[in-house]
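Shared between the two complexes below is chain A, which pairs with chain B and chain C, respectively.
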Partner chain A sequence: MGRGALLVLADGRFPAGGHAHSGGAEEAVRAGRITGAADLEAFCRGRLHTAGLVAAALAAAAAAGADPAELDAAADARTPSPALRLAARKLGRQLMRAARATWPSPELDAVARAFPKGAHQPVVLGLTARAAGLGPSDAAYCAVYESVSGPATAVVRLLSLDPFEATAVLARLAPELDLVVDRAVAAGTAVPPALPAASAPLLELGAEIHAAWPVRLFAS
Partner chain B sequence: MSGVHATARIRACADGRGGTALPVLDGDGPLAVRRTRAAGDEARVMLVGAMSGPLGGDRFRVEAEVGGGARLHVGSAAATIALPGQLKDEAHYAVRLTVADGGELRWLPEPLISARGSELYVTTHADLAPGARLVLREEQVLGRAGEEPGRLTSRLVLRVGGKTVLDQELACGPGAPGGWDGPAVLGGHRAVGQLVVVRPEFAERPVAARIVGEHAALVPLAGPAALVTAVAPDGLRLRRVLDEALADLG
Partner chain C sequence: MHLDHSHHGPAAVGADARRADGTRRALRIGLGGPVGSGKTATVAALCRALRDELSLAVVTNDIYTREDAEFLLREAVLPPERITAVETGACPHTAIRDDISANLEAVEDLEDAVGPLDLVLVESGGDNLTATFSKGLVDAQIFVIDVAGGDDIPRKGGPGVTTADLLIVNKTDLAPYVGSDLARMAADAKAQRAELPVVFQSLRGADGVRDVAAWVRARLGAWTA
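Let's look at the complex of A and B:
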């Protein structure tokens, strides 16, 4: 099935709540690790090859029909930060609500029942792609793109960065998105899935620091 | 031509008199294991790297098995330094730890230093029964003083009662996927470490997440375990924060 459905799912305006999350960029800006477009690019590149790769492999595996409960447990093991586990489940629940309204499917209903507090977002993303008639590669593309577009959009707001510069950062990363998708699809569609576990210490630490702030612009 | 292949094996079991016996304690090639003075009911073992290494192409493996009621403490005599070898191949260092119900392992080796030009893949698998206890420390230092690091990939997998509780891989150094030294991953820090603490009582009473020092956090995992993740400018400051976190856990 086609690109039409992929554009609907990948659209930043798809009502799944992602805009409220900065992907760790808010804490990195506050800590002085992101001060402009060059830092943003290095941040996004690091996130892409770690959290982005893992999310894309989970999404590809879910889209290929792997057991959602096993994938959700694998996501937990790859997410040591409880703040990030909570954020991933909240985002998963919001996406689930949008997905069931958009592409109703018994599979989505079953996972929604099994995970009342939400399954990890990349798992729900893969199931949503499946319900929309899309494949593992489409799901992986949505995941890797989200892994960099979230921080880029957030940094435009946090630093008043020129939106053209932020978009240029994303465009420069595009060839690497393709490479990460290839790796994620190969790993996620292996039987059983050979899920990567790439981690980013500062994203994990930053998420805990951010969660302890009394006031913040973004939820994570 | 291939690199050095070496295996060290340690098996600890309760000696029936309230102490811990070591029925298996052997190493070959550059990997030696020595029993040192026991502390109470805990047996103590020191890993001694008789040569520098691992070098490119080497395959090292360390296996430790702790039986029910046994308590084992494993340290190392010095830091392990990954060095480039004459072989272009990467080196592998595999650690396999198993702890039975009622057993306790304290795995506290000195840091791993990734020297310029080296290429090392380290894997640590800890497999625990539901009633087992573990303290595991891993420290990686990127380059000797003022030196560029080599390429280092390190994967840590913790399973408790057959369920994977933690699975993490960190890749850094020249040739690692992009962004490893950037603001999302290491941000210029040259030392990174983890402390894993598994206690059956954490299933009912998980630790509360908290920040330790400037660049470390203690978090509850999705299982009866806690994890401290820390980054620091150097190995000394890394050890300080990990020690502080461990003391904090009581």
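Let's look at the complex of A and C:
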């Protein structure tokens, strides 16, 4: 399988729970750090080179066949915020459900059994790509694209930002997505994987602040 | 209904009638309809009417995180561990129809935590007339409108009004004050829905949720038969 399966997995409407998450954008909007397309682009760029890179390397490693339990522990160690760890596991569990229904595989069944409350989403994403007959680079592309498309979609809802402007932001970031994928694949497919540990402290702090709000539109 | 593949690990598919351990899962009924029509009030009344005879839980889908869940908690219609609020990213109809994963997770977690359950009620935060539940999430759906929202809603139709397994026309006590013609609403609903049932109800009246509770019991009877 090839590009066709990749489009199915990368589709924003793939039913794996992502629509309820803003990738930190809701908190950043409330804090005044995102007010329009220019800020959104800066926010997405920061996310891409930190959380996006780490997620893509994890996904590439999982797609290449690295041990999911070790990758999951590595993801935990790279996610200081308890709220973000929880969100990543919830999304991993939801993706696992969708993946097992779309590309049934004994490997997915085994990981679902080992992690009944969910493994980190990028790890499950890599395993899903594997089950779909895709490779490490495909998995990394899905991860980096999600890392920027999630906040962009959320900001359209949060600020009533012009959807054309939001999509143009993603298009401007596309060449950088390619570069980050190259780095992620090199790191994730090294033996043993040489996983990056880039972090965005403001995203981690923001996630904790957001999780404490009594009223919010997005789950994270 | 039951798929005969063996169940290793958690069920993959939401509509699967059995849980991972092979036991039959709870019947899941969705309640949708416009904001303020009385969905949460109906859920609360159903819990009061059925909680002594059935093991119940509720999942709410709010636009803002937890308002419906908090109302149900304040009213103490069920113990708090039986009520879960799903966060919908400003889009309840996506969470009940297009991407049901968070709701399925909530239902399964409730069964794990407080089960076995007989019935899970899933309320959708008020959306619009087009919001319907996925068959992968619920086994039957109730659409709740009220007489104060205009007596032409049954005539206008929409997927909720025409296809829901039960249509509730709520707040009949208000009909004289808002000038709604109940006979016309009944005739329009009949025209849109043919043989599908319609209940006219006032939660302020003596009968309250009685007819809807009877319908739920009948669905449950069919589910467990």
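General observations
The rule is short, and it goes like this: the second predicted complex is superposed on the first by the 220 of 220 C-alpha atoms of A that agree within 3 Å, B and C clash if a C-alpha of one lies under 4 Å from a C-alpha of the other, contacts with A are read in each partner's own complex, and residues count from 1 in each chain.
Following the convention adopted for this analysis, a contact is a pair of C-beta atoms (placed from the backbone, for glycine too) under 8 Å apart; a residue touches a chain by one contact, two chains touch by 3 or more.
None of the values given here were measured: they were computed from a predicted structure.
Contact with chain B, but none with chain C, is seen for A:42 once the two complexes are overlaid on the shared chain.
Note on chain A: of its two partners chain C and chain B, the one contacting more of its residues is B.
In the superposed model, A:89 lies in contact with neither chain B nor chain C. Legend: residue contacts after superposition of the two complexes on their common chain; A:215 is shown touching chain C, with no touch to chain B. In the superposed model, A:205 lies in contact with chain B only, and not with chain C. Look at A:176: by the touch rule set out above, it reaches chain B but stays clear of chain C.
Legend: residue contacts after superposition of the two complexes on their common chain; A:130 is shown touching neither chain B nor chain C. Contact residues on chain A toward chain B in their complex (touch as defined above): 24, 28, 33-34, 39, 42-50, 53, 73-74, 76-83, 85, 176, 195-205, 208-209, 211-212. Across the interface of their complex, chain A is touched by residues 155, 157, 163-171, 177-180, 182-187, 192, 209-211, 215-217, 219-222, 227, 229-231 of chain B. Partner chain C is touched in their complex by these residues of chain A: 13, 15-22, 90, 93-95, 97-98, 100-101, 104, 109-110, 112-113, 116, 154, 157-158, 214-219.
By the touch criterion stated above, chain C contacts chain A in their complex at residues 8-10, 12-14, 63-66, 86-91, 94-95, 98-102, 104-105.
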